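Below is a structure I'd like to ask you about.
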Amino acid sequence: MEFISFLNLVFVAPFVDMVSFPIFFAEVVIAGVLTGIMYSLVALGFVLIFKASGVFNFAQGAMVLFAALTLVGLMELGVPVLAALLGAVAVMTVLAFAVERFMLRHLINQDDIILFMATIGLTFLIQGFGEMVWGSNVKALDIGIPSESFEVGGILLNEFDLFAAGSGAVLVAVLAVFFHYTRIGRALRAVADDHQAAMAVGIPLKTIWVTVWSVAGFVGLVAGIMWGAKSGVQFSLSLIALKALPVLILGGFTSVPGAIVGGLIIGVGEKIAEIYWGPLVGGAIENWFAYMLALVFLLFRPQGLFGERIIERV
Amino acid sequence: MNEGQGAGVAATAATSAPFRPGASVDLEFDTFPKLLKRNAAVRGTRSAMREKDYGIWQSWTWAEVAAEVRAIACGLSVLGLRRGDAVAIIGDNRPRLYWTIAAVQSLGGIPVPMYQDAVADEMKFVLDHAGVRFAVVENQEQVDKLLQVWEDFPQLELVVYDQPRGLRHYRQDFLHDMANVLAAGQKFDSENPSFYDDEVAMGVAGDTAIMLYTSGTTGQPKGVVLTHENIYLTAINAAQQEGLTERDESLAYLPLAWVGDHIFSYAQSYVTGFCVSCPESSDTVLTDLRELGPSYFFAPPPIFENILTTVMIRMEDASALKRKMFSYFMGVARRAGANILDREPVGVVDRLLYWLGGVFVYGPLKNTLGLSRVRICYTAGEAIGPDLFVFYRSIGINMKQLYGSTEASVFITIQPDGEIKPDTVGTPAPGVELKVADDGEVMFRSPGVFKEYFKNPEATAETKTPDGWVHTGDAGLIDEDGHLKIIDRLKDVGRLVDGTLFAPKYIENKLKFFSHIKEVVAFGNQQKFCTVIVNIDLEAVGNWAERGGITYSSYQELAARPQVYDLIQEEIEQMNSELAKEQNLAGSQIHRFLLLHKELDPDDGELTRTRKVRRNFVAEKYSTVIEALYGTADHCQITTEVTFEDGRKGTISADLAIRDVRTVTAGEQLAAE
Amino acid sequence: MTVTEVSAETAAQPNAEPEGDGAPTAAPERVFDEVLLEISGVSLSFGGVVALSDVSFDICKGEIRAIIGPNGAGKSSMLNVINGFYHPQQGTITYKGNVRKKMRPHRAAAEGIARTFQNIALFRGMSTLDNIMTGRLLKMRRGLLWQALYWGPARDEEIVHREFAEHIIDFLEIEAIRKTVVGQLPYGLQKRVELGRALAAEPELLLLDEPMAGMNVEEKEDMSRFIIDVNDEFGTTIALIEHDMSIVMDLSDRVVVLDYGRKIADGTPDQVRANPAVIEAYLGVGHG
Amino acid sequence: MLYRETGQFKISYAADQSVFPIAQDRWFIAAALAFAFLVVPWIANEYMLQAVLIPLLIFSMAAIGLNLLVGYAGQLSLGTGGFMAVGAYMTYKLTTAFPDLNIIVAFLLAGLVAAGVGLVFGIPSLRIKGFYLAVATLASQFFLLWLFNKVAWFYNYNSSGTITAPPREMFGVVVTGPTATAEVRYTVALSIVVVFAIIAKNLVRGRIGRSWMAVRDMDIAAEIIGIRPFQTKLMAFAISSFYCGVAGAMLVFLWLGSAETEAFSINESFNVLFMVIIGGLGSILGSFLGAAFIVGLPIFLTNAPQWFGAAMPIDLQKHIEIMLFGSMIIFFLIVEPHGLARLWQITKQKLRLWPFPY
């Protein structure tokens, strides 16, 4: 008897709920989509760097935090929003130069795992530095994004979320243009395929790295603004990186569309799971659900959503 | 140095050295098979032999060795070996070949070890002369060589090989796998348990123990017949003088056919019971040496020289600090090392510094070379450079020169502990009587004196006097302390046309002590002045050239470089000035030289297998060069035949530069001083 | 250059050919009648790319069988099919009388098929000895607990296999590099170690994918000698891919020729050499 | 220089394959062990034991476990904290349910449970490799911590949600709980670590270790010589998790005394991974060196300013410490990416060849 009711709770009731309250369900889905876009933004930074240099940049989360901290810090000093934005972009570019000069350059030809470890070290370094300069207390970020709620067809929407979704879309579009229509963008794509080929194009690896880290820093800044405006700029921002990881395995480490679609799937999936199944097990399953989802997915499609099928050769 | 040569003016009462009586034969164990049985009985569980094989040092105790030898002997007798039969033994240093020697001796046969690197044609003479019936060889390589000349030797009946690799499809019925021989021997032994013991008991001290062919710098090799008594007494006399015990360790890596190896790696082991180890392969001798760490070690001077050269080259690449430290402590060693080794008084500060040097340099150095446990280290075969000799002694290796010959079962003189002089070869070994004849020739009489040259009574009579004295053919003299000093081969000592003494070997050795010079042949007999043909040392000069930015792609190219000529000329001039100080030899300074375009090579017959120069052969082969040396031209054209490593023959020709060298006259010398 | 100098001459001696110089060795007639492996009608394609189409041939016990063909002829794919790395869409493989369907490579290894690779596939972080020992892994049985203690049976087992590995090291004359990490070895030696690893498994069928690629003449001669010796001493059946025709013709008992994934000839070296289709494939318009 | 190997020749394979074939190494290890067991407990003070040595040992244990997986079998894992938590919570459950159970036995049983959990989370390694697998292992980290947080059964429904080490005795001596002295806990930890380090060494030099390394170096070739990659990887996950589980149990029971899931957070996973990489992948010795480095560095950074008499605000000091930690790791990876063990190997090789450079 208990078993039947358990089956009911797990396999029937949640779906009944979904159908019974479609508007609520729609709100959940939309909330998921919006979170998903945020995830995508962070994941995008990972993908850019991984694609161009094969480095699994664990410090992307820290870069998000650092960018947001810089922006808030500059604004707190009385710098106007636009100037502060430019300042933050400049700081992220300087960071990219420093990373290339002091870290990547010395680690050429090392194993992937060594580079990966170095970016974890970088995470500590950036975090420590950011908090030393800007302090470690929670800061509110207000760059004037409206956050009024309104209703469409009975569904409650928030301007802020729409704005976030919009900027995410714009960012992706800009990146697409950048990759397809600029020389350096094309070189970056070439690098992803073959380092030698990229050299042949005539763009030094150094330039490519600095560029891609700068762009990743910029993407991090956008993500930082979104997350920061929503929940304040604080240490926990850097943990968002951890949420972006399942997005990556789902979407593939090298695929920009993968990062976006993966982000949406994870965002929506985790919201639905949390709302409809979470209470069954005491809640707070958001922390791991994304991973489990990605894992189960991987078992059936190891190359990820957009990866190519790997033919093993000997 | 010159009295010996002084046309017999010195004394008819030829200078004779102190005589110390040696041991006598233990009648119960007067042959090596009997000694083996004794060892199996008294130290049966001690290691007798080791071989690095399959990655570890496979070991055999004396009891196991005795059993193996017994089985091989029985197996050979099953195959038809009878008393007095000659058995050729060909191969690298492998335990089974050493055991075969003992097995053949057990049956009263005559083991004839042969150089494993000789080509088939070179083997012919010995196989024929010794009347070899059986051959026990290491592997396919040796089998193939024998098969090449098989048809020429009807008396050669069968071949036993140790390693069957590659021989599976050889169908000849006279080829036998050692494993089968052993099995047959064990079977025979179990059926005739007293056979082996009876055979061994039949042996007596006067029986021929072994026959060793001397390579000989001229003419055909001669088969030196040595009895059990010869070898036994010589081995035990030297062992007693040096205090060898069963706890010593030695590495057998020199050719089996060489008398030294037979004494050091076989006879002395059987006499004292120490363990002999064989290296894994010729490529790994240095590694194996380092692992094993022998306490009793022998090597001819070229090997020590190569080791030192490697040491110096490796040190060149060390950091500046290490180089400084190395040269500082080597200085300390030169100052104090030899004295400490000789137990002479040394100041406290030097003693302390030497101890420090031991921690930082000498100890690790000896360790990396594999010489840190060496208690007795012999060198012989030719003169060793004083620098070289002093180097090893100063870092605490008890290196000693000895003088010996196949005809003496090795030992004639040994440098006694505490009385080491770099330019002498020591005092007579126990049981050896020594004298210098009127014409300056060194002669000796000892229990080790060979029985005869096999099937060559004339040569025997020429070499051995009826009362047992043996002509060494070396010119030498005995100094006031009773130490023997060797100058040259007697027959090579000549005169310039003006009558000046010319000792080519002496000059050659002096030049060879320069690390850049590998081989020298000096000419001057019945000429107006002396000249030399020089082989540079490819490794040392090559290194020097690399540091100086001189490029080259081959030996020939390097040897033709003017800078290299300059280098060698400088060294020859340095020797000239040293020579000028020696009254009788000042006249034999070098006037002209050239660097040969190829390395002298045993495969081309220019060197013996023990790497001694065949003077007459070289003189004949390079007669055009020699003519040019005594002409006036500053270069000469030459074409020579060479044998490549793969056995093919070819010719190379070259245009060789000839240089004049500055000589020092007595007057200049005085002015200089 | 030091002590070895004295004995270097040993190594320098010309290694006379066993059959050479009128030595009265009669080369035994090589007859093979027991089929070890039979490939029949095998086709393999990746997506639209056809690698093998309807290939049939057999390998007899004890022979040296060469698979030759121009680049891209499907030779490596053939080896991959034999040792279970690729699964053909059509056709059957009969090994030791058992018709095989799908089989994972480790099963093939357990059945006695070992191989080497065109691009050396050694375990670069391990020593020569350890690499060869991995070839013995299949024969090792002791469980986790014994392994953890490294005592008693586990140690005995380890020693037994070490001894075997040492025999292979001796056989291939690689004593001096026993404990060298293979990543640091020159190419020719790596090839030799890889052969050693395959031999360690005591295979019945040994697949060699271009064992002499990239070697100099001397190394090729050495490798040929090892291949002959392996066949001779252990009676191992060998299937090899090789480009150097003179070596293939010398070594092998029978040759199968592939071109564009199809078999175009099969027979003794002499027959193959005379086959017009083969001449066409090699001399005709090259494809890569 | 200190090595004098001449004459240390091996006449059996057993001797040739011993862990320390060089006599000097054997003497050194014997001396070090004697010192650690007999001298340290007498001379080390409470701070030294509690703040330095005990965590060093515990993290060495975890690092050995992770090194087996990452360094030997080549499977990158970020879930160490989760497996350590399994060990800690299982020990807690076992020892509270069966108070008479020997605490060491409880550790081992908990380790076995951790091994089982590791086995399950190793299943993705069938299909995925490298970073994909690393990210997948994060699932275990988050899921397990969530589980121990949410399911009150694991902490016996107590209100605080923490697990606390109860006093347990061995041979009449209290080894866990508030009354256990640091000396006793140190000795117990040392014994466990020594035994398991030896076991790890035995595993990696035998059949299992060679299978792992084969899969690590080239999994396709490994499969073709007859290794079953999946079983091999799963075994690595299980054994690695066992070590981590025991380390987690030791962490709570021999060091902290009580803990929440926070003690096993993702940061701990990274810390252990740092230890493995800085110590040296594929080296048991490296695991110890790495643990010493990572445990010692913060202590050094905290104390160093005081030695120079420099005082600074606590939070600034904390930030500088984090920065330095990050920079040192980057610096170290640049200088010696193969870790302290390689550095030691190079030094040792130099000492063996002394005075020659090669």
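For this structure, a couple of remarks:
By written order: A, B, C and D. Residues from 1 in each chain.
What we mean here is this: a residue touches a chain if its C-beta (ideal position, glycine included) is under 8 Å from a C-beta of that chain, and two chains touch if they have at least 3 such contacts.
All figures in this text were calculated on a predicted structure; none of them were measured in a lab.
Taking the mean of all protein C-alpha atoms as the reference point, the chain centroid lying nearest to it belongs to C. Looking at which of A-D and B-D shares more C-beta pairs in contact, the answer is the pair A-D. Chain centres computed from CA atoms place A at the largest separation from subunit B.
Taking each chain's centre as the average of its CA atoms, subunit A and subunit D sit 32 Å apart. Centroids of subunit A and subunit C (each the mean of its C-alpha atoms) stand 50 Å apart. Rounded to a whole number, the gap between the C-alpha centres of subunit B and subunit D is 58 angstrom. Per-chain Cα centroids separate subunit B from subunit C by 45 Å.
In subunit B, 55-56 are the positions where the chain touches two or more neighbouring chains simultaneously. Among all residues of subunit C, those that touch two or more other chains are 85, 117, 121, 162-163.
Across the assembly, subunit A contributes residues 312, 314 that each touch 2 or more other chains. Listed in rising order, the residues of subunit A touching subunit D in the complex are 56, 102-103, 106-107, 110-114, 116-118, 120-129, 131-132, 136, 242, 245-246, 248-249, 253, 281-285, 287-288, 291-292, 294-295, 298-299, 302, 304, 312, 314. By the touch criterion given at the top, residues 13-14, 17, 199, 202-203, 205-208, 210-211, 213-214, 216-218, 220-229, 235, 239, 282 of subunit D touch subunit C in their complex. Contact residues of subunit B toward subunit C in the complex are 53-56, 92, 116-117, 119, 140-141, 144-145, 147-148, 150, 165-172, 253-254, 280-287, 289, 299-300, 302-303, 306-307, 309-310, 539, 602-603, 609, 611, 645-647. Those residues of subunit C whose C-beta lies close enough to touch subunit D in the complex are 83, 85, 104-106, 108-110, 114-115, 117, 121-126, 130, 133-135, 137-138, 140, 142, 144, 147-150, 154-155, 157-159, 162-163, 197-198, 201. By the touch criterion given at the top, residues 1, 3-13, 15-16, 352-358 of subunit D touch subunit B in their complex.
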